[in-house]
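Next up, some structures in structure tokens.
Shared between the two complexes below is subunit A, which has subunit B as its partner in the first and subunit C in the second.
Now for the complex of A and B:
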């Protein structure tokens, strides 16, 4: 081989290599930008990287995580779920109302002794799953786009929520005065953990959320249902002729999502501690944004639990951080919107077939 | 005596990072001739055409049209200069009418603003009359069968008054009658002095319609010869670069006792009506017929992917229902669908996911957790047994060639240990070498005692691989022939019985 052509080849290879590095940078641009942002914030405000702040970010992440884990499945099916926030609100208010202390003023259900906390969690999850299954049924049976179905159902749920707030003795008031068993279960922190962390509180719901993440990872990656879900998202017709029960899988994905929203609802019931019909409002937009940032693609059939967790964490990091360096609250929405647009554009870039 | 070339592409090279897609390829099309461009998938035919239309920028070489050097930057620019292309994959606005599609991008206008529906309709009619195309110009595209949509696409290319027209696999979705029609249109264009570039895998067509043949292999120019001096074997030898003495492997399967009896099978929403037939153990049963004759419907109704309105299915004398694909799989059926990309592969998922999807139940540990190791082992088996060429199990299936994708899907079905394999166009869009491997696989399966029902629109393939052939016509079973003692003519006559 002549020297010249060898040189040419090497140039081509170097060029290819440079392009690959460029691709890697671009494909991870969002995470790189966020890491830079975090470093910048940490320099501006040293408190940002202190233990208390980190625990705070972690706790916030864990509160929002179940919603994102649920919505992630819907996105894998090339769908979405706009009813997530309202399901969080409804289940938060139901959980809180069932677990009001006997001594609470204007208690919704006057004669109710608070039932076991876990029973209420199960009730909330069943309600969430039922609403999710309702969404899934309309998507699977009538081939409606999930956007339409959940746009409708979030309105329907809101009426239920408004009516529930006026039920019993409550009369539309915020639900507060929670039973100690409930607050302790969610926001409490056992002494031995405090001893370990040197007195900093890690609320219990963090562990609930992390446990759920593990369970969801297992469902997505290790079960027949998970494989079927990804296959369905990648190619519905191929899944059908491969023997996948498309109807059941779709309904189950939405039901599971509903149950996940209910877990956040149950956490918010005690974390917010004074719930109105506005609890959970717009939680779906943060959750969807987090999924997209984490690489759960609207193309369908693609996504990882790891990505969802990173997505939620990144969003929280940015918002807590922006607060800490004193950025005007009004600007938050433009930043959020920008991140979503940027993330989606980057995501599509990966799946477009170049012509 | 040699006329000067109408379109000449000289020494075209194109390199992608790591791959030399085109290496000094030349192609000269003379006016009033049909120039066939042949080569296996991946030989560089499409890349060459993309360089012509400016979709790819060529690295070196020149393109001259009518003696003038040209550099098209887009298909639109090429069209404006009289170079048109009929694409293999139809890109049409399916929710719009035939007329709208025909004039898309160049709607005739009134007063510079308003689209003139009248002018559009009139000119559509003129073109359709001239080409003898019988398609309702007002019909919405999605309501037409693929073959008619293809004819619209061909009419569109002609309507540009192009000097050079490229046909990329134009007959892959046409029936025999429509192929004849297409050839009449091509002959007409040839007489008008157009230069035609004709890309196809079908040797019979090439030898019939073309004047010259240029053959490519691995991005390189191999030869240009007059079609009348070529034989099928010669073309294959040039394309493959080795002797392919037989297009079909030796048939070593021996049909045994009857395993499947189908009686009065009819479709609820399809035109399939009253099909009755039997399938033997170790037999390859072919289904022939024109496009839309109900071939695919037989398979999909049998598999429960299409709704059945009547009829009985008996496997080993026991009646089964096959109400949906899941139930059919349990009963030992497997279906390779016609449209690999639309209904076969999960493009974005990897080879392993694509391989194990129909067999997930057998990997369960304790009814919940999937056994990763076993899935990996089974995928390895499929890659070995099917000779799938892939860098790894974790490769996205859409990056493989058509033939390898098809082998993955066959592997998927073999894992379910089926007794009856339903194969719908198993070699569509696959190059010659890979086709042979697929035939080999099919015959091997029959040898192992599986029953195979195979639909194909390529008659030589049915004659070369099958034992018996059912012929469908107009949704009904028109007849059954013995593959050894029949001819293409007999099958064609049967196929036209209820049209």
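Now for the complex of A and C:
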């Protein structure tokens, strides 16, 4: 590099300094706002930063995390997945019905002794992955937009769910009377953790969720499949030309997402313990919102696991925090909507700058 | 762009930690503040919102009477148990002293009761009755509401009296059999099941010949009921003698459908509801709704406030409210027809 150009570069850097600070502020605007909000709320209501409240936010974040991790992959492929909520519902009801206690008053499968909890988790994940693969197949094979495919498949799944609720001895009632092994597996908390936290319960599903996050981080960042997914999302033609199996990658992304929804279903089955045809309804909207807030872009090929985590955490913080300072619940949605718009506008700004 | 994120991510926990330090200072002294969290299953349900309005009204009165500050926070579960659970979590995290829950899914109360017990906050369920075993999990879990089968019996009674007084007036096709359609509340809801069962049982046990033309769920909603009814009007033209609706919103929906199909007040089928909501009472006055059963919204709110008052005073709850099994505060239903309407307006 010649001397003049080096000098030029340095002057440019000096000029750009102020602009860069502005850029940093803007690019991290959401996080800065979040931090300010947390400080404000904490001053207004000190309960907000008590251990119980922080654990509550953490636990709620973890409960909604797997769906967002799943749908994130679909968004990276410039798609979306509207069937997430119904898959959660179906797998929650299947998990709960298989794991009803022998003594439950209205047992769906009368003669069934509850199988091992982990086996049910695997069954749920297989079902979720199969439905996801079904979505992916239609997307990849017929070049349909995932919006259309999953709009249709969520209706199809709803019928399965309604029929399943009427199966066996259940007759459309809510599935209740869960086996203790199941409830403990999800909402229990081993004694040694309680000792560590000083008696505060951290439910087990938090660990399941964190484990999934690590696994998904590994898949997204360290595997060929993950690289292919991003390549495909950024530019399908380029990916195809460079030898990415578009069909297999698409089907796999959706199947993986389906399996993630199933884990949420499995968790929700015992966490919420309300297993009806309405379980899981609209879960996808929060998950998609969390992803876009966290910078998973609908432009495709852009997104990070940590962004998804931040997005989910942020949504939960908003809900818990606003409640803490006594904001009318009806206003929550306008704030949520505003943040989604704001986040996406910021996101697009980065993208436009790149161009 | 990549390098910019980590710094700010670090900031968050650091700030959170910094904030933890000054925490724990005392709250300002003076007037006692009682925080009450109220979780509703669906605020747009007319009956539930009437209960909520009554609660707010009575809370204001209580404030004046006791010179305390009562912070009533309402949360709308929008028909989702998981939303409602999150709301309960928030109430507890916020430091509510008492929570009132109009539970979305009656089989899911155990989760909420366990949360409340862990935080040692009394929980009052109302209008939607949790399963008995769940309520038994903790001594400070209560239920305020009415017995669903009684509503069914009284609703059936209105139709029975009308039929026995003048069967010909009800019997549109003159075959001597009472043909009815049933608009049901949400599937699996115990009130829906029991009201449906006992309203018809009241007729059959007195030997009235009945025939069910159709039944379907309208999820307690006026719009959905109107849709179902329009379909039935086309399908069973001139055959429907009686329309049973599990609640008033749905009964009004049925009336909407009949009127928009060109019927007038005289040619309407015999339509009955449950709840005695203000719009339903207006319909009874008009003569479009033949009768309803009062579900005592004001009474429920009153009992809830009585329980809350006992918690504030620290006196035994049994002294404040009459309880069955130490848990259930029952309110009676009352029949409302054109004859006794004035007492309810």
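We take it that the second predicted complex is superposed on the first by the 337 of 355 C-alpha atoms of A that agree within 3 Å, B and C clash if a C-alpha of one lies under 4 Å from a C-alpha of the other, contacts with A are read in each partner's own complex, and residues count from 1 in each chain.
Convention: contacts are C-beta pairs under 8 Å (C-beta built on N, C-alpha and C of every residue); 3 or more make two chains touch, one makes a residue touch a chain.
Nothing here was measured: the structure is a model prediction, and the numbers come from that model.
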item: Joint occupancy of subunit A by subunit B and subunit C, clash or fit; value: fit
item: Touching partner for A:52 - first (subunit B), second (subunit C), both, neither; value: second
item: Per-residue touch tally on subunit A - higher for subunit B or for subunit C; value: C
item: Partner chain(s) touched by A:159 [first = subunit B, second = subunit C, both, neither]; value: neither
item: Touching partner for A:197 - first (subunit B), second (subunit C), both, neither; value: neither
item: Partner chain in contact with A:234 - subunit B first, subunit C second, else both or neither; value: first
item: Which of subunit B and subunit C A:268 touches, first, second, both or neither; value: second
item: Touching partner for A:350 - first (subunit B), second (subunit C), both, neither; value: second
item: Partner chain in contact with A:222 - subunit B first, subunit C second, else both or neither; value: first
item: Contacts of A:300 with subunit B and subunit C, given as first, second, both or neither; value: first
item: Gap in Å between nearest CA atoms once subunit C and subunit B share a frame through chain A; value: 9
item: Contacts on subunit A seen with subunit B and repeated with subunit C across the two complexes; value: none
item: Partner subunit C, residues of subunit A touching it in the complex; value: 24, 27-28, 31-32, 34-35, 38-39, 42, 45-50, 52-54, 56, 60, 105, 172-177, 187, 201, 268, 271-274, 276-279, 281-282, 306, 310, 319-320, 323-324, 326, 329, 350
item: Complex interface listing, subunit C residues touching subunit A; value: 1, 4-5, 8-9, 11-12, 15-16, 19-20, 23-25, 71, 73-76, 79-82, 85-87, 89-95, 104-108, 110-111, 118-119, 131, 133, 187-188
item: Subunit A residues within the subunit B interface of the complex; value: 12, 15-16, 19, 218, 222-224, 227-228, 230-231, 234-235, 237-245, 299-302, 351, 355
item: Complex interface listing, subunit B residues touching subunit A; value: 15, 17-18, 55, 303, 305, 324-326, 328-329, 335, 337, 342-349, 353, 356-358, 360-361, 364, 368-370, 372, 412
